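Two complexes are shown next, each including chain A; its partner changes from chain B in the first to chain C in the second.
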Partner chain A sequence: MTDRRTIGVFASENDIMNAIRVVRARGYDIEDVYTPYAIHGLERALGMKRSRLPWITLILGLTGAGLKVWFEYWTTAVNWPVNVGGKPWDSLPAFVPVTFEVMVLLAGVSTVLVFLGVAQLYPGRKPKRFYPGVTDDRFVLVLNETDASFDLEETRELLSSLNAVDVDERIGEEGR
Partner chain B sequence: MAELLQALTRPLIGGDKTPGQVTEDISGLLNNRPGPLWWAGFFLALTLLMVGVIAGVYLIRTGIGTWGLNNTVGWAFDITNFVFWIGIGHAGTLISAVLFLVRQRWRTSVNRAAEAMTIFAVICAGLFPVLHMGRPWMAYWMFPYPNFRGPLWVNFRSPLVWDFFAISTYFIISLTFWYLGMMPDLATLRDRAKNKVKRFLYSIGALGWDGSYKTWLRYETVYTLLAGLATPLVLSVHTIVSWDFATSVIPGWHTTIFPPYFVAGAIFSGMAMVLTLMLVARKTMRLEDYITTRHVDAMSKLLLATGMMVGLAYATEFLTAMYSGNEYEQFVFINRALGPFAWAYWIMVGCNVLVPQFLWFRQVRQNFLAVFVLSLLVNVGMWFERFTIIVTSLHRDYLPSNWSGYTPSLVELGLLIGSFGLFFTLFLLFIRFLPVVSMNEVKGVLHIGRGGHGGHGPGGNGHGGPESVRPTPDPTTKPEEVTA
Partner chain C sequence: MILNPSNLKATPPINRRLFGGFAGAGALILAVGLIIDPSSAWANLLIVGFGLVTTGLAGLTFVAIHYLTGARWTVVIRRVPEAMSVALIPGSFLILITVLFAPDLYSWMDGLGDHAAKFKSWWLSKPFFSVRTVIYIAVWMTFGFAIVRASRKQDLDGETSLTNRLTRLSAGFIVSFGLTFVLATFDWLMSLEPHWFSTIYGVYHFAGLFESGLAIIILVIVWLQTRGPLRKLVNEEHLHDLGKLLFAFSTFWMYIWFSQYMLIWYSNIPEEAVYYTRRLEGAWAPLVIANIALNWAIPFLVLLPALTKRTGHVLAKVAGVVLLGRALDLYLTVMPAKTASPSFGFWEIGTMLLLVGGVALCIDYGLRGAAVLPIRDPFLEDSLNHQQ
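Now for the complex of A and B:
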């Protein structure tokens, strides 16, 4: 990793997909791609792995459900048993609805919190801005200038031939 | 077949938009000063809300004796309004979660507004049980927390406690889902804001979103997970609401058909409300290119389908009563159709079963005025459905000496009016300060239905599916051997 990056700016989804294919085949190190919307199929083009967040959801959901069943049993059958209509203390079927709701609540909210944590999104975070208009209609490809063999001019020509509307070098600022 | 292909290749968004134009159109709405129409609507909504506030303050100061309830009819307007508003919310979740999972890409134009509707409807719904408690400042007793009363816990076997958990979860998950979907759009607004205060507020909301694809990838995963969780949740919420009735031993309530019947009715009423709101928004906010005949057509068909399910449930209830041989059950249904509240029953049947039948005709589905009027009638019909279910089952008790009537008091009417005021006030504020159409999602569906003519925007190959953006590698830049 160096602090020198070359950015290629594209005007359409197709252009950037094509560019990613070509620069990956040529062995460039793609640091990240910035897009105004989620492009389907881009993760395959970039060779990214699937997110492991579903496992977190599963674990937290099951934990929430388990704790809730225990809590309902403990309150109704152990801590202060109250006879309601002669129903058994451990009326497990009657505990299903609340258990389900708590499972969904815990799984849903904590998945989002974990996502915000992993993606490092929080109020006051300064967004990386390599190029204006990324949240509007520009697609930005950020290449890492890995070592001395990186040829800026060649890269510039390559990206331009791939329909880049702008190619530029960014040094040391991490786009902030 | 040709017609089918044509339907698949019809553009979702009109006007040959580019992503830049989408940003301009939607965020531009927030830059203009609100027109006289918005102010008129806002003051009307605020007036209605004030009526509700006055009724609410009087109610809390005096007690629920100010309502028209009596010993026999112990539930009436408040629970009707509660079920009505909760039902309205369900279409929002259907559009945002269920249609997302089944890849109905037309939802992108309406999901933001529909989710907002869900949240505001749940807020309106939540007010009624709290007010019905009589001592709303004790509402936190619903929550099982360690207390000095024993600790005496809530009764987890009671559907009313299930309801508390279901509604709270539904509200929190809907809010999370709405906010998550809005984050990238808030970043767009932040990057465009000229005003310092606005930029600051939007940047807080955007949480530093910068469009990094690594984040997008996780974001999509989380969005799908939430959709997957919200789908069974939305079914569970109205199921549990129906259990408030079905677990009792009141004739007309004690039936197993209630959960599916309530869920279908909820989606039916909510879809009508989405249509009402979106048709108004389309006209007043110039969203003609975003909400097209295709969207209205699809929603009208959903309205028709759920309306038929509701109609089927009405008929099934009668059959069950007849077939059960239970005279109390039979009496309740004959009393509904022919008794003192027959007018409410026939408004319900007319608006919910007969009126939607017009939607079989394409001419009606493409006539926005007709759809608007139909959707209003369905809203009316669904309110009366809940009123009929609740009041007619209660007002004729097992003992004829208990029989009574029911007339709502002014306070109850005021609260109903106030809930509409609250709903529309919140909705009008939403369209003033937040993007009413999901910009990032709409940008992702622009290519749908645009034939192979490239040149602008993300030109697809016209298949319309999520896989349709697979570019053909440029033959002039053949990948070379990697030497590094």
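Now for the complex of A and C:
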């Protein structure tokens, strides 16, 4: 991967969705797409694989539930047996609500944290700002200039013909 | 445009002869049962009546929530819950004759005994009970007819003001439904065991009503999508959202089931616990486990990944499992109050046949009454282009 990228700036959702379809068909390498709001169906248009995040949620949820059942069993039946209404010490139905809550808590909170980590949304990270208008009303398509055969002029013409309002080249990780 | 009018008028491909046969055979079996074994047959008729009524109410609730939340993706599938509301008519009829004329279905009709509270004796008196039953049914029928008629009227004139009118009707329905349905479950089902009580009972039956209602909607939608006029109109996104709703309400059902069970188990008061001791002894216990498996465990595990919710035939199979669970749930609600041990005989087969045939015929009748989707609804375009 080189350090050079071509960006195409679009004025509407429909334009960029169409452009994504065309440049993908032409074999361009799309690094990323920046939009001012979430566009439904964008991840499918980009051909992104399904996130593996649900597996993290599942594993952490099961871990939370398992640990909690063990902890409740240990506290009420092993370490300090408590007689509640003459019920057996290891009365599982009584454990269910707290187990459920801890499962949701651990799965929910850690899913958010893992997501923030994977999406690199943490303090101290240098933001990629390819085009300031993306925080307002512009849709930005970032293409990797993969190899020597990448023709900037040809790409510029292609993007312009797809209603790009601006086409530019950016050098460097921070997109300056 | 895919909205080809001739396509939309196409009759939904439901095999009327088959389901008519089911309903006829079921009705015949239960009619014979009324003569040979009236006690079992009346209890089974109560299950059929309640199953049909809740199918109708589930359809109306779905439509009402659709309007009250301003949901748009549901427009394309709305005619199915509207058609389900037709089941209110035969269901109400069966409920009326059952609760009013069954000779020994409700033991309190011969008096509650010395220990009953004054209020309970007053509440459970036959005249008041009959009047209440008529009021519940009248309220639901009135809203049902008004909602379906307004929705169909919009097909003709496309008046957007009808959407506002339907939103107001839905608000009225939801509020009155919440009150009347809770009382109706107390009257028709909980009073089968008149000394037992549970305040969450109405919510529990609402959970079952909506879960099974979603399962019926899914079955019909998948059917209309694969074989009928909704092909190319209903897409994976609609199925995915319906699957999420089924998943959510399946879990909600389990949540309420456990909420009721745990409080009674914890306090362990004989007059409350008797409901579960009766259902957890002998041959009833495996049925309670099966009830939980069919209504929650199987749908929960199968619908957990996104892919199964987006695949029509998998979703339809899960819906079938849920509906089997619904029949078992109603059986476990009514029968332990009537017999010492479970039996699956002629009358139960008649109940299943009449329920399946009755629901199918009602939906078929409802779908034939109008275009298969609301062609002039202002949000139809949004619904057809639905993406998550």
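Assume the second predicted complex is superposed on the first by the 173 of 176 C-alpha atoms of A that agree within 3 Å, B and C clash if a C-alpha of one lies under 4 Å from a C-alpha of the other, contacts with A are read in each partner's own complex, and residues count from 1 in each chain.
Everything below uses one rule, namely that a contact is a pair of C-beta atoms (placed from the backbone, for glycine too) under 8 Å apart; a residue touches a chain by one contact, two chains touch by 3 or more.
As the structure is a prediction and not an experimental result, all values here were calculated from the model.
Q: For the three-chain model obtained by superposing on chain A, do chain B and chain C clash or fit?
A: clash
Q: In the superposed arrangement, which partner chain does A:Val78 touch: chain B (first), chain C (second), both, or neither?
A: Touch partners of A:Val78: none, neither chain B nor chain C.
Q: Touch test for A:Asp32: chain B only (first), chain C only (second), both, or neither?
A: A:Asp32 sits against chain B, while chain C stays out of touch.
Q: Given the touch rule stated above, what does A:Arg50 touch, chain B (first), chain C (second), both, or neither?
A: Both partners, chain B and chain C.
Q: In the superposed arrangement, does chain B or chain C reach more residues of chain A?
A: The larger set of chain A residues in touch belongs to B.
Q: Looking at A:Met17 after the superposition, I want to know if it touches chain B, chain C, both of them or none. Which is it: first, second, both, neither?
A: Touch partner of A:Met17: chain B, not chain C.
Q: In the overlaid three-chain picture, which partner chain does A:Phe95 touch, first (chain B) or second (chain C), both, or neither?
A: A:Phe95 contacts chain B only, not chain C.
Q: Which partner does A:Leu62 reach: the first (chain B), the second (chain C), both, or neither?
A: Neither chain B nor chain C is touched by A:Leu62.
Q: When the two structures are overlaid on chain A, which partner does A:Leu152 contact: first (chain B), second (chain C), both, or neither?
A: After superposition on chain A, A:Leu152 lies in contact with neither partner.
Q: Taking the options 7-15, 115-123, 133-141 or 241-249, which segment of chain C carries the C-alpha atoms that clash with chain B in the overlay?
A: 115-123
Q: What part of chain A is shared between its chain B contacts and its chain C contacts?
A: On chain A, the overlap between the chain B and chain C contacts is residues 40-41, 50, 54, 85, 87, 94, 97.
Q: Could you pull out which chain B residues touch chain A in their complex?
A: Per the touch definition, chain B meets chain A at residues 18-20, 23, 144, 150-159, 161-162, 165-166, 168-169, 172-173, 176-177, 180, 183-184, 187-188, 190-192, 204, 206-222, 225-226, 229-230, 232-233, 236, 240, 243, 440-441, 443-444, 447, 454, 457-459, 466-467, 469-471, 473-474, 476-477, 479-480, 482-484.
Q: Which residues, counting only chain C, touch chain A once they are in their complex?
A: Where chain C meets chain A, its residues are 258, 261-262, 265-266, 268, 304-306, 387-388.
Q: Which part of chain A faces chain C closely enough to touch in the complex?
A: 40-41, 50, 54, 58, 85, 87, 93-94, 96-97
Q: Quick one: in the complex, what on chain A touches chain B?
A: 12-15, 17-18, 21-22, 25-27, 32-43, 46, 48, 50-51, 53-54, 57, 61, 71-72, 75-76, 79-80, 82, 84-85, 87, 91, 94-95, 97-98, 100-102, 104-105, 107-109, 111-112, 115-116, 118-129, 132-137, 149, 158, 161-162, 175
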